[in-house]
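Okay, here's the structure, questions in a sec.
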Amino acid sequence: MVSLSWLMALSAAIFVIGVGGFLTRRNILVMFMSIELMLNAVNLAFVSLGSRLGTMDGQVIVFFVMTVAAAEAAVGLAIIISIFRSRETVHADDLTLLKW
Amino acid sequence: MPAGLFWFLAALSILAALGVVLQRNPVHCLLALVLTLLAIAVLFIGQDAIVVGFLQAIVYAGAVMVLFLFVIWLLNLPVESGPTGHLALKLFGTLAVAALLAELAVFLVPSRLQLKFSSAHAAGYGSIDALSQTLFSEYLIAFEVTSVLLLVAVIGAVALARRTTQAELQERKEASARVEKAA
Amino acid sequence: MNPFNLAAINFAWLPILPLITVGIGAIVVLLAGVRLDDEESEGLGWLSLAALAVAFVLTLGIVGQTGVAFAGALAVDSFSAFFELVILIAAAFTILMSLDYAGENHLAGAEYYSLVLFSALGMMLMASAGDLIVIFLGLETMSIAVYVLAGLRRRDPRSNEAAIKYFLLGAFSTGFLLYGIALIYGATGTIKFEAIRAALTQPMMSNPMLLLGLAMLLVGFAFKVAAVPFHMWTPDVYEGAPTPITGFMAVGVKLGAFAGFVRIFLVNFGPVSMHWSQALWVLAVLTMTAGNVIAVVQTNIKRMLAYSAIAHAGYILVGMTAAGPEAGSAVLYYLLAYAFTNLGAFAIVVALERRGSVGDLIADYRGLSSRSPALAGAMALFLLSLTGIPPLAGFMGKFYIFAAALHQGYTGLVVIAVLNSVVAAYYYISVIVAMYMEEGGIDTGRLARKPALVAAIGLAAIATVLIGIYPAPYMSAAANAFNSASGEQAMRAASLNP
Amino acid sequence: MNVEFAALALILVFPALGVIFNLFFGARLGRGAVNLVGPGVMFLAFAVSTWAFVKILAMPAGGALYCPLWRWIEAGSFHVELGLRVDALSGVMVMVVTGVGSFIHLYSVGYMAHDEDYARFFTYMNLFALSMLILVLADNILMMFVGWEGVGLCSYLLIAFWYTNPEFAYNGRKAFIVNRIGDAGFVLGILTILSALAHHGVWTLNFVEIQSHAGLIGTTAATAAGLLLFLGATGKSAQIPLYVWLPDAMVGPTPVSALIHAATMVTAGVYMVARLNFLYMLAPDAMAVVATIGALTAFFAGTIAIVQPDIKRVLAYSTVSQLGYMFLGVGSGAFAAGIFHVMTHAFFKGLLFLCAGSVIHALEGEQDMNKMGALRKRLPITFWTMFIATLAITAVPGFSGYFSKDLILEGAYESGHFWLWLLGAITAGVTGFYMFRLIFMTFFGESRVEADKLHHVHESPPVMTIPLIVLAVFAAIGGWVGLPEGLLWGDAFARFLSPVVGNFKPAVEASPAMLSAIATGLGGLGILLAYVCYLRMPGLPVIAAWRAKALYDLLLEKYRIDELYNLIVTRPLFFISDQVLNRGVDRMVIDGAANGAGLVVEAGGEAARRAETGNVQHYAFVYLLGVIGIVAYYLYLVIR
Amino acid sequence: MSGGILTALIFFPLLGAAFVLMLSDERATWNSAFIFSLVPLAISFYLFAAFDPHEAGYQFVEQYQWIPQFGISYHLGIDGISLLLVLLTTILISLSLLYSGGGDIDHRPREFCFFLLVLETGLLGALLAVDLFLFYVFWEVMLIPMYFLIGIWGHGRKIYAAVKFVLFTMVGSLLMLVAILYLVAAAKHAFGRLSFDLPLLYQVPLTQTEARWMFAAFALAFAIKVPMWPVHTWLPDAHTEAPTAGSVILAGIMLKMGTYGFLRFAIPLFPAVAVEAVPLFLALAVIGIIYGALVAMTQPDLKRLVAYSSVSHLGFVMLGIFALNPQGIDGAIYQMLNHGVSTGALFLLVGMLYLRRHTREISEFGGLWKSVPIYAGLFMFVMLSSAGLPGLNGFVGEFLIMLGTYLRSWPAAAFAVSGIVLGALYLLWTYERVMFGPVTHAVNQTIRDLNLREIAVMTPLIALMLFMGLYPAPLISRMQPSVERMLAGVRIEQVRLEQKSHQQAGGIARRDTEKQADSPFSARAALRAARESFNGTDRWSAQPYSGDRPLIETASAK
């Protein structure tokens, strides 16, 4: 059996990669995908911990996280579409009307 | 879960995740993301989270990602044209990310990673039966809330993406005029 | 175990009735609005108000209870009741502000009001959550609704931008929050508050996983309450969002977030306060200082109020740092006072704003006192309350928080807070200067045609004064609320003179 | 023996009523009413004073009248009861003040006949008299201080009476400020006495009580108090170093000069020292200082008077000089002699000023003696009365000044101050010279009066000349109350005062006759020299001035003391006020710090605001930094 | 319990403020505001008459629970220290209203009256509060109306001045709030319950460090308000730009809140530290006296000049307070009244001039006496009162302060007297430049003299100056018992400090004025000596120390 540490490390790695993607990509959609990476990393952590603890809670939470991710995706993509309609761009660094 | 499988999936998921972050074409990114999700789904199943694993594959990697794909096509997004103007952020962002990873690594060494208790999996652990038993008893409220949440998401999505009204067009004109003036 | 044995999970109507009312209200509003034009949405607003009123009455039933329901998923205590009541009030004020605003700005009425109600529902869930996952779901319900609300002026690029920024950072932050929940779950084996509290025994307290989980939870909540350095979204989003929604965010979202924050940290992680109060100390100082200092140079009133909201979060963090029953009730009282004052201030911003976002500059307020003395007077009142001038509500809140922090020995922190208040006085007063001592500004139209808005301003003003000059009942309500949550913990009532 | 005598209050009430009347109704009711009330109240006060004085004379030695007023101040154990007291000393003073004062008031009716502000003038004059009477009648030192400051104020008001002239206004202020400097010392002196007694649980400011507890005041405290009070006296009585205001005070109407210089204000210092004789007796060092300052002032002012061309200025410096004599007297312990000179000086100096006023009146405001001369015939009454006064001031035997000055010089010598005596004696010569220079230049020789004024030079009206004549009589015979010991009734004046000021006890044996002869001789020498210079050989002074130009200029410019004060006090003060404190400390340092703090906040806000770039990824980056920070903190908790 | 007369006193103006807000006619506004201000005036006169001068404690006490959670009560009371200040407040507010209605305030009169009356409530409340929290509330309440008064009806750089005023004051008062809270926490530690009640807080035991910090916080708050050097720079700006009534109240009453705070709070709460801090405060006060006078001297603006003179005068008050003996403190309180009356009157006069010429530059004037004799006369009188001429009010206070200071530390008194000289210097010089000399600006020949309303405003003040100068005893006697009571705590600390320094000095006895002067033992001895030295016929020996009712001498004399 793989040690929990490795699983957690994998989870952390994916999480951090997600963070990195969010920071460095200009495209809002890709930034959003990075967030999905982070969520999945967390899901992995939940499942791994739940599995080691022997309780179902972890898996149930993953179920909820997926739902939330779906909801966020719906709303987030709608927002992206609406901003694309008004601004014709999906680049994060173009969205700086509001500042200072 | 055999160790070999784990290592393979771990490597795959990390590579795929890096693919999400590093590729220029959003569609390629999305494909890499799907790959990551699938690898993770297998990891779930490998840890007796069978239902969740399949849900991950079907709902997440399937349905949700298709949504992304639609949007990418809808917006007809171009390939990201290189790292313009973002070099500093990329450099320092990467450094910061590395720092975070290093910090997390210190926390996650085995000697520090002690669970409160650890028990063997009961019969039917991870099955749809077990999952729904928990879901509809202890997590009844949470489950109901998800329905509300999804409703909110639907309303929100509709509200944002519905057809433009005449009044809104007028307002838009005013707003863009103002933006120009401000610029 | 029969999974559908409701008694086994101690099903109770009491705590969920208000939630259901609000939820049903939202759906009814949505359905009723299907065939209405955007400009005719005022009736929907009144409908929402009715739902909130019913929920308010139902919530009163929770006052005085102490316990949990739904297998610990919901807490039934005065704490939840306190927050739910304030949240309902905040939502009601938001709707009062919106009645004219929504029509004027062609917002989709049905969606608008139902989303406000749903988001209030999310906040109420956070307030009454008994486990981490309900908190999380409540947070998401609230947030997703507010993301949309922020972007509801779809054709205004600023509104779009506010929505996308809020959404992206919110989702980003969700990742951290969830990560924290995962780690807490790993460390304690549970996500239920009662169980977590029980698990916090001596050896557990310094479990690295628990600590990392705390860190991530802290980050997640710090983002929602807009603590520095997780605050960067706040001014942009506040500026871009429709003004009533800005008010709702500044008050409602903050109430919900603090409800969860207080519930988790002060109540349930109270025993390990030594592991988080130092971090909060730093956050509090950063938040107060940055908020106030940057607010000084703002020219847009919504942005200025955004930074002021950040600064006020800092003061509340001072109270949380102090970590104790007195501090807990102080935080609750502060939030109550803050809610009315800020809602009033935003109501006035709404009143002065013409279509689009004309009238948002502080310069637009020049000479307001001669054009509209009552409005200027009310604004001055709210600003003075935010400054912390006695005997207004804002002062009493600060007083309570500072007292609590001092009693816990955080003299240095309080001194920093106090010096910050001086900086704060400067920018609040500069608005008063504009209103009373300068000339110019823009014409604001007739307010008399907006009775709902006038009512909102008036009620907020009355509450600001009343909570200030006769704070005793509210203070004891706050104390009871906090104590009923911290329950059997051997903490004496925050009413310090028995 | 003390007798309650409520009528004493009337002495104050009358002038006070005069003030009120003139202030509120004077201008409205017209000149006649003012002319009646202004001097009238003074004569009434004089009458009451005389009544009181007669009662004192009738009492056995050491008797006094008193009139309690009300409790003024109280704080803790400290309290002040206002009360009036007339004993021998204050009796003499009150007679002089009301007496001479009345005639000066009367004279003013004529002198101010053409001034439109007559009501204001008499308001001030009455107020002045009131203040002086408060000073004299006070039974405690704090009430005395009320009068003390009051006369300072009135001198300010009267000197600046013709306020439209900026120089006059300046001189008025100068008088008040210089007086105030002295007053500050006076206050400290009061406090020193008070605190010295309070150390022993005695809280009093009453002269009699202080005297009875004088033993409790240590020598150090007595010396300090004596010197501080004397600082007050130098201001009020125009002694070195605070005499500078008095010559400038000449710009006021001449009756004012008479009032200030002769009867009232300037003698206050001498009166105070005499009043507190018991204190000074405890402090020989302070006495020595008083005497030395007095002698130096007498000589110093005399030398300045030699060359002044302005008739009033000569008289002013002569006043300073005569006051120096008085201080020499009281400083030597010859208190009675000092007071005696106060009295005689009041007669002759009042007279001199009034005469000078008469001359100026006749010449329509001309004060420069170089433009006078040969007025003897045209102004006979003025000439004769002034001549008498001059004989008195130069201490020609038989005239009043002779007796008093003689006693002072005798006292100085007998108390062991040989050098001071010598200085005093030389000053007598100087006095003779400059006074007769004045007489000769004004009334004798060629007429240098400007032609257009010459034809209406005329003698003053009776309302002015009557006071001259009355005062001339006193100037001539007023000294006879203090004849040398053993002659007729002897030194009655000193005997009368002795219960209050004690008897003078000589330390050094001397022959009074010889001392007197030396001083008188020197005086005669001065007169002779004046005669030679100004009548016999009129060119001589010019040659002398030309030969010793430096000295002459120095004297003419009053040793340039004003300029010195200006340089070392006034100018630095203004510089410090404006440049150093106002612009430097206040605006730059303190406000700079306050505004600087504001600027720092603002700059900080501006800088922090720039971090808010609007780019959501920058926000996320800051967020991440926050995460790293918090996690680092927990990392520290874990691995520590 | 006395039927809420103090409550009526405090809140009647507030009622008036609300009433005024409902009026629209300008004349009616002024009239009703003035009438509303007369009621508290009447009440305060009644209080003055009904006040028991022998009672040292609070009178007309009212106390109700307010915020039981914190042990905060609505506790009002009046004692000898606050009685006269209350009277001063009501008088000056009424006069300010009377004056301002005469054309000085030409726009937004309704709000003006509103703020002025609210200000009165704040001022009276701060003076009457016996509960520390209640005091703080009123203390801050005063701030806001004054801020509006300066900011709306001021001149020139009014906004800068108003904001500076608020910020300066807030820095101090917020730090004081921290100290208040800390003190209350200490009280809870000592007595087991939270309470903001002053009588209880006076007894809180504190460590030296705690007491020092808290005293510092209180002292800073009050010192800014006073204002003491070097935190005075808000004052010239605020005074200069404020409308006349604002300056009058600012100088006349508000500054007194600082000194009152020292008397009521900073010193009695932390007597040990106060005794320690005496040298520091004496030094600051003396610097303030000289500095204020010097800077005032060369100010080109009349109001600015008067403002700096306030710094100097308040320096005297501080000097008296920190003499920490009855003479000094009585004098200080008296001087507070004097300064209120005199400087208030000066500001009124400057305001009248400004109304006529719309400038306050001294160089714009000259020779005014010719055109406005009544004005010039009044100005002269007020100026003399301000300069401390004996016989007028200023002298009584100044002398008592000097006396108290001298007993405490003679060098301080020696330096302080220079303030008397400099005070005369700048006032007279100003007067000379404004009133004397030829008329340099033709426009000055035509300005009109005071009208009846203005004379009516000045007359009570002039009368007060005379009365307070000639017969201060009834006023001082009312404050005595309270001052004595306040000093009782200080004396204990002083003796303690002395004993400590005696021990440190190896038991060498150091003579101290205060202890010897007022200790019963030496006083009795002195009295005996005094009796023996008189033969009984003299009127001075008949009743040598009568009237010193609260003091020990009388007790032993009987």
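Chains here go by letter, A, B, C, D and E, matching the order in which they are written, and residues are numbered from 1 within each.
The rule we apply is simple: contacts are C-beta pairs under 8 Å (C-beta built on N, C-alpha and C of every residue); 3 or more make two chains touch, one makes a residue touch a chain.
These figures come from a predicted structure and were not determined experimentally.
Between the contact lists of chain C and chain E, the overlap consists of D. Centroid analysis (C-alpha atoms only) places B farthest from chain D. Comparing per-chain C-alpha centres with the mean over every protein C-alpha atom, the closest match is chain E. When the C-beta contacts at C-D and at A-C are tallied, the pair with the greater total is A-C.
Chain B has its Cα centroid 4 Å from the Cα centroid of chain A. The geometric centre of chain A is 96 Å away from that of chain D, both derived from CA atoms.
Once the centre of each chain is set as its mean CA position, chain A and chain E turn out to be 66 Å apart. If you average the CA atoms of chain D and of chain E, the two centres end up 35 Å from each other.
Among the residues of chain E, those touching two or more other chains are numbered 167. Across the assembly, chain B contributes residues 86, 89, 93, 96-97, 100, 104, 107, 112-113, 115-117, 133, 138-139, 142, 146, 149, 152-153, 156-158, 160, 172, 179 that each touch 2 or more other chains.
Shared contact sites, meaning residues of chain A that touch two or more other chains, fall at 15, 18-19, 22-24, 31-32, 49-50, 52-53, 57-58, 60, 64, 68, 71-72, 75, 78-80, 82, 86, 92-93, 95, 97-99.
Every pair of chains meeting the contact definition is listed here: A-B, A-C, A-D, B-C, B-D, C-D, C-E, D-E.
For chain D in complex with chain C, the touching residues are 598, 601-602, 604-606, 608-609, 611-612, 614, 616, 618-620, 622-623, 625-627, 629-631, 633-634, 637-638. Every residue of chain C that touches chain A in the complex is listed here, in rising order: 133, 136-137, 140, 144, 147-148, 151, 154-158, 160-165, 167-168, 171-172, 174-175, 178-179, 181-183, 185-186, 189-191, 235-237, 239-240.
Considering their complex, residues 86, 89, 92-93, 96-97, 99-100, 103-104, 106-107, 112 of chain B touch chain D. Listing the residues of chain D that touch chain A in their complex gives 609-610, 612-617, 620-621, 624.
Note for the complex: chain C touches chain E at residues 369-370, 373, 384, 389-391, 395, 399, 402-403, 406-407, 411, 414-415, 418-419, 421-422, 425-426, 429-430, 432-433, 436-438, 471-472, 475-476, 479, 494-497.
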